[in-house]
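Scroll down for the structure; my scribbles are underneath it.
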Amino acid sequence: MINNFELDDQIKSALKEDIALGDITTDSLIDNDAMSKAVFISKDTGIIAGLDVSERVFKILDERVAFKKNVKDGCSVKKGDILAEISGPTLALLKAERTALNFLQHLSGIATKTNEYAKIVKDYDVRIVDTRKTTPGLRRLEKYAVKVGGGHNHRYCLSDGVLIKDNHIVAAGGIRQAIKKVRDNIPHTIKIEIETETMDQVNEALEARADIIMLDNMSLEMMKEAVKLINKRAIIEASGNVNLDTVLKIAETGVDIISVGALTHTVKAFDISMRFVS
Amino acid sequence: MINNFELDDQIKSALKEDIALGDITTDSLIDNDAMSKAVFISKDTGIIAGLDVSERVFKILDERVAFKKNVKDGCSVKKGDILAEISGPTLALLKAERTALNFLQHLSGIATKTNEYAKIVKDYDVRIVDTRKTTPGLRRLEKYAVKVGGGHNHRYCLSDGVLIKDNHIVAAGGIRQAIKKVRDNIPHTIKIEIETETMDQVNEALEARADIIMLDNMSLEMMKEAVKLINKRAIIEASGNVNLDTVLKIAETGVDIISVGALTHTVKAFDISMRFVS
Amino acid sequence: MINNFELDDQIKSALKEDIALGDITTDSLIDNDAMSKAVFISKDTGIIAGLDVSERVFKILDERVAFKKNVKDGCSVKKGDILAEISGPTLALLKAERTALNFLQHLSGIATKTNEYAKIVKDYDVRIVDTRKTTPGLRRLEKYAVKVGGGHNHRYCLSDGVLIKDNHIVAAGGIRQAIKKVRDNIPHTIKIEIETETMDQVNEALEARADIIMLDNMSLEMMKEAVKLINKRAIIEASGNVNLDTVLKIAETGVDIISVGALTHTVKAFDISMRFVS
Amino acid sequence: MINNFELDDQIKSALKEDIALGDITTDSLIDNDAMSKAVFISKDTGIIAGLDVSERVFKILDERVAFKKNVKDGCSVKKGDILAEISGPTLALLKAERTALNFLQHLSGIATKTNEYAKIVKDYDVRIVDTRKTTPGLRRLEKYAVKVGGGHNHRYCLSDGVLIKDNHIVAAGGIRQAIKKVRDNIPHTIKIEIETETMDQVNEALEARADIIMLDNMSLEMMKEAVKLINKRAIIEASGNVNLDTVLKIAETGVDIISVGALTHTVKAFDISMRFVS
Amino acid sequence: MINNFELDDQIKSALKEDIALGDITTDSLIDNDAMSKAVFISKDTGIIAGLDVSERVFKILDERVAFKKNVKDGCSVKKGDILAEISGPTLALLKAERTALNFLQHLSGIATKTNEYAKIVKDYDVRIVDTRKTTPGLRRLEKYAVKVGGGHNHRYCLSDGVLIKDNHIVAAGGIRQAIKKVRDNIPHTIKIEIETETMDQVNEALEARADIIMLDNMSLEMMKEAVKLINKRAIIEASGNVNLDTVLKIAETGVDIISVGALTHTVKAFDISMRFVS
Amino acid sequence: MINNFELDDQIKSALKEDIALGDITTDSLIDNDAMSKAVFISKDTGIIAGLDVSERVFKILDERVAFKKNVKDGCSVKKGDILAEISGPTLALLKAERTALNFLQHLSGIATKTNEYAKIVKDYDVRIVDTRKTTPGLRRLEKYAVKVGGGHNHRYCLSDGVLIKDNHIVAAGGIRQAIKKVRDNIPHTIKIEIETETMDQVNEALEARADIIMLDNMSLEMMKEAVKLINKRAIIEASGNVNLDTVLKIAETGVDIISVGALTHTVKAFDISMRFVS
């Protein structure tokens, strides 16, 4: 649950970006006391995320707007479904419409795509997780949408998870040294993940007691070998070349985690429109 | 040209979103005075947008970083091209990498897609324009990327352009009344656009001297008829059902403007990676 | 209509500027639960603007304050008129008084002056418009007050209107080239205005199909000649040397727009005071 | 001396208010690397205030701009004087011009008016001081301009000075009680001022050892009587009905302080323009 | 009384510092509609300050939380006392707990320590005052807590009080010159304080009519001598080496003001915990 | 390493809190071009933290200030040691002094106290860690100071670590259920910690494979028993009643982590002063 105080500034910025100095069309034509009713209609099939955010967009514009949700975040909807009924001052409905939909369509797009991945691997004990390849400024909401869609989150940022890469290993003088140095420095509450590209590296990582081993761009064969080698001694993350065609095969290798950058870096807006009703 | 003071707050927010309390991996492993060199390599084909922004990400992190651009925003690149060479403190390179790429990949994705549309219609006197369906918080940058890709901008927000829609017309009591009322209220520097769905509405809009007439979701036949009817007396914008398959046919109808929501609401990140070099 | 979320930050800043660390006089002397009633009394004759803003000042300080408006923005008032009745915690009334009045007196001063201009030219089909010579930070409110006073707005800022000046023309290599280059770049929703000082320039501007032609500091004779020459083919704006003595003569020349910097750059506060009543 | 960090946010806000999404005229016509020279020319006679602020406007836009001041804040200038020479990227000069002048003209207007008052009373041992009737958001700069013009500042806000008014006295149960209660509460570093309208009140205030006694809207005769009665036992401030015609007579009564709301609530912009030179 | 608008931004920042991206423990385990009751229990003896602030922390998180105060700021409490009863959504109670307590414990710690000083000198006509040695960002709240604890405030910052130190005197060329120069520049509402270390300096300060004379790090003997010499002609502040052991002796010297840096620079959190009740 | 962009806003806020509208003493007495030299002298024995922050305070005030560090954060200093030499405009030195010292003294106080704890247990394989009991707004800096003093950090906030408490367990229906539910929800990169008060709870936590087990307010005997029972199967944190007298005994029990709220909730400023030198 995201509280209002956590998002209000972002929503206000988005509204200001669009309204700026007023809606010169609407302000010229619509009376202050005109009231209207409208609905959000789905024109697509998938998972909804961001309804609370779009409700809040209307409320910030004018607290008199009533926003009745027919579905909740995480619900599966299809073309033609009425997602919400919105009533209140016509001015507010017209001014908030685009901003509310921009949030909702973007987040529902992410939830829907995440869900496609999650459904494919649903018979495996594996998580579909996001990455740090998010849209600048929207990470919290995008990671929220991933969860709504049935995925899980990877580390939120550089501070709440460790990922040791090539350059780190070189700088530290080896996998063992890198893991030790990191472990000595970070809070005891955080696990250590390390990127590997070869079986030798996997072995070294195991010996250094890495908590999580990332198999970076490995072939399916290599992944299977690694899973066997690791044998539950570390959490295994598969990364690279993951798409809707490959994800099942990757899940079959027995990895625990499959990270998918495209969940957030390549988003198809979920088609929703607002229609006035009488 | 976008000046630093216009974007710095947004870049700092994006950096803080990712770095938060420090990069616990890198801070544990890399010396303060270690220096490195890296390159941005294109792994895709298309148009680059956002190089100045990503340079600024590094500079804000540490002003000692040197960022040498091999290409400029608007250049066409292909897989394997080196876009920029970055050198400076290793800490800064590692901490800024993801944020810099998140901006660059998103904006280059928009420029590339815009360019695909623009190239298809390049033999017609028609503009590919964006809409207000942008990512909350990123409108300025996304509209910049559309121009870099060879498109044009529609109104930036609700304040700098008029678009009279159904509900406005109903509230005003007709197209003529709506246009008159708006014209009396808005600055004399702004044109008036009105949405139409039938030839009758086009006619009315013409009689009321609309500056721009939007043909909303019309068939190709209707569009042709409208173009003929309008006969240069107003700017004509085609809207709805525009995609890479339909855009050429729409351009052939003789409209002046084709607006494409997908330029900004459905973005495929342009694949770019940072590689350390020695 | 300006929504609360659009102004609240500005009002809070203004309040913090005055209250800072508390009102040490009032906090020492007035009980938390003392209640009072006060009125805003006009001590001047003119047009009121900013009542909603000053109501909001009190509400932000303490939402229990009741603010009953006897007049609305745009109303004409005279000395002795009661503009509003304010009741609530004495502490809030005393702390918000100055800030609320500073907004209200400034904006009413602008509305009143604008109205003087507008009344003088009321028999002509001409607009009195503002300029970008506004008080830093207050542009939106000042432009709002101009409209309340019966004026119209010119472009809000550098982004929503084109004004081609001398230096632009020189840089572009001539009026024709400048207009073409701008037209190719800007959104199709915005008109092009160009500054002219001679009949030759007016002619060139017409040939290049400028939408708006500014007659800069021209004599009345020249203006008349220009109006005749342009003959409705462009909107005509008179600029320079406009004051209450000259504005009627300028209107008589037949121009469409008269811009007056002094509406916002030289503001006489409208005298209003708050008086406690029992 | 005001340091950059104290004003930069305000200057950036003012610039963003005007530039918003770019200067669509200038961005279309001027090359990124075009360089120009311009001067600020006075078109008025008076005292300059705000040159450092306007220099900073240009620097924030583009740090390559050189701003050579020919005069300093506080200098007296006349029509035709060159105040500063500005050189650098043409884009920056054109984009910053209006914002820089809006600050400079407003502040110089205040300094000039203050100076008119100060010169009239220059043979008396009396201060011309400002009030809290300032433009919302600009108090610091406006109070700075008052000092530059030869005036002095009254309390900055409700926290750094005490002014006991009617309602305070009533609430406290009398002048003596009010002064005692305030003295017990406030920091020992701040003086206590009290408003008086009759000789009786002046007497009471003296007995209660007020540090400063304000003579509110008193006639010249009463003021003289009060000055005699007080006889240096408190600082005396005259308030109300002060204008350029009355200020000398008021000074002659022997008061120490004359406060003038109009210094800041009614500002006439000082006419300055920027001219490009070759 | 501190109004909400004055503290809300600071409280929100504190909450965001702790909640960041959500409370992953609580969000995983507690239902959105679970409701709870809890109490704030004192585990210490002293003076409470900050209850309104901590109430506001809960309200900002979720306005449905009810916060019933059993005591008010300034009350003396002992171990086991119930300070407040809090009821509402369990999620809100758990998420706001730490931030609310961090404010309350810090401020109550200051009030408690101030009160210890104030009680020791309660039979003398002397004030215990704070200094500018406060925690960055918390000055207003800390100075509030000092007053709640029975102390008084010294100047809030560099703008609302004068304190002339060594370096100032040297730069001005002597005590007399320094005081005169300052008096000519500052608002007439503010007193002048000067630091002295010898009887000669005290004498000079008296002759220059300093309003307040600080005895800096003087021995008790010297302080007594200075008090005698000054003989009510200036307010006397003792500064330096003040602690719970020395403060009574210092008060006995007859000084008016004793400033204690440790009130705010060395704070012992007052022990309070939140306990869920059924 | 903390980059400037991460702290500048906080430093500017702190400076504005103190300088507000200028230093009226210094601005009256010191010339703009006067230059001075000063030193930071330790008047205490301990560990320094925050020198970079205090350097930045001066630089933000005036970038011409040179700040030469004689020691680095983490160094041990004694009374009389010169920590840094500062030279530049006298105005800047005087205005920044207090704010720079407020940061430095607070952070050095934390580092020094942490170091006392760390030294006592230095022969044991145990970490001294901080808690979330930090000063609102200063968490990042305070946690930095803890590390500088030889301590380690616990979770930064509610998002980057799990701590399951009583109420969570009750809500989930037991320890096993709580741990499972949390594990299913959180990122795979974060460990799970649970509070225990009895051996039974420790046992249950072990069975549910908690990563970290907190022994809450247990006696030394119980802690020893728990250490033996857990037998390296989980990280063990001791919490409650930790002070300089008890910490060694606690370390001797064999726990891995000792958390100490007092490191940050009860801070004794480290005594440092700035002295002008010639």
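The chains carry the letters A, B, C, D, E and F, assigned in the order they are written, with residues numbered from 1 in each.
Everything that follows uses one rule, which is that contacts are C-beta pairs under 8 Å (C-beta built on N, C-alpha and C of every residue); 3 or more make two chains touch, one makes a residue touch a chain.
Every value quoted in this text rests on a predicted model; they were computed, and no experiment measured them.
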| item | value |
| --- | --- |
| Minimum number of chain-to-chain contact steps, chain A to chain F | 1 |
| For chain E and chain F, chains touching each | A, D |
| Contact-graph separation of chain B and chain F, given in steps at minimum | 1 |
| Higher-contact pair (C-beta pairs counted), C-D versus D-F | C-D |
| Longest centre-to-centre distance from chain D, chain (CA-based) | A |
| Rotational angle, Cα trace of chain A fitted to chain D, multiple of 5° | 180 |
| Centre-to-centre distance between chain E and chain C (centres being mean Cα positions), rounded to whole Å | 44 |
| Chain centre separation in whole Å, for chain B relative to chain A (CA means) | 22 |
| Where chain A touches two or more other chains, by residue | 19-22, 27, 95, 140, 156, 159-160, 162, 186-187, 190 |
| Pairs of chains in contact (touch as defined earlier), listed by label | A-B, A-C, A-E, A-F, B-C, B-D, B-F, C-D, C-E, D-E, D-F, E-F |
| Interface residues, chain B side, partner chain A - complex | 10-11, 13-14, 17-31, 34, 36, 90, 94-95, 98-99, 101-103, 105-106, 109, 132-139, 156-160, 162-168, 171-172, 178, 181-182, 184-187, 190, 261-262, 265-269, 276 |
| Chain E contact footprint on chain D (complex, rising order) | 127, 129, 152-156, 159-162, 187-191, 193, 212, 235, 237, 256-257 |
| List of chain C residues in touch with chain E within their complex | 12, 15-16, 19, 21-22, 27, 32, 60-62, 91-92, 95 |
| Residue ranges of chain C touching chain A (in the complex, touch as defined) | 1-3, 5-6, 140, 143, 156 |
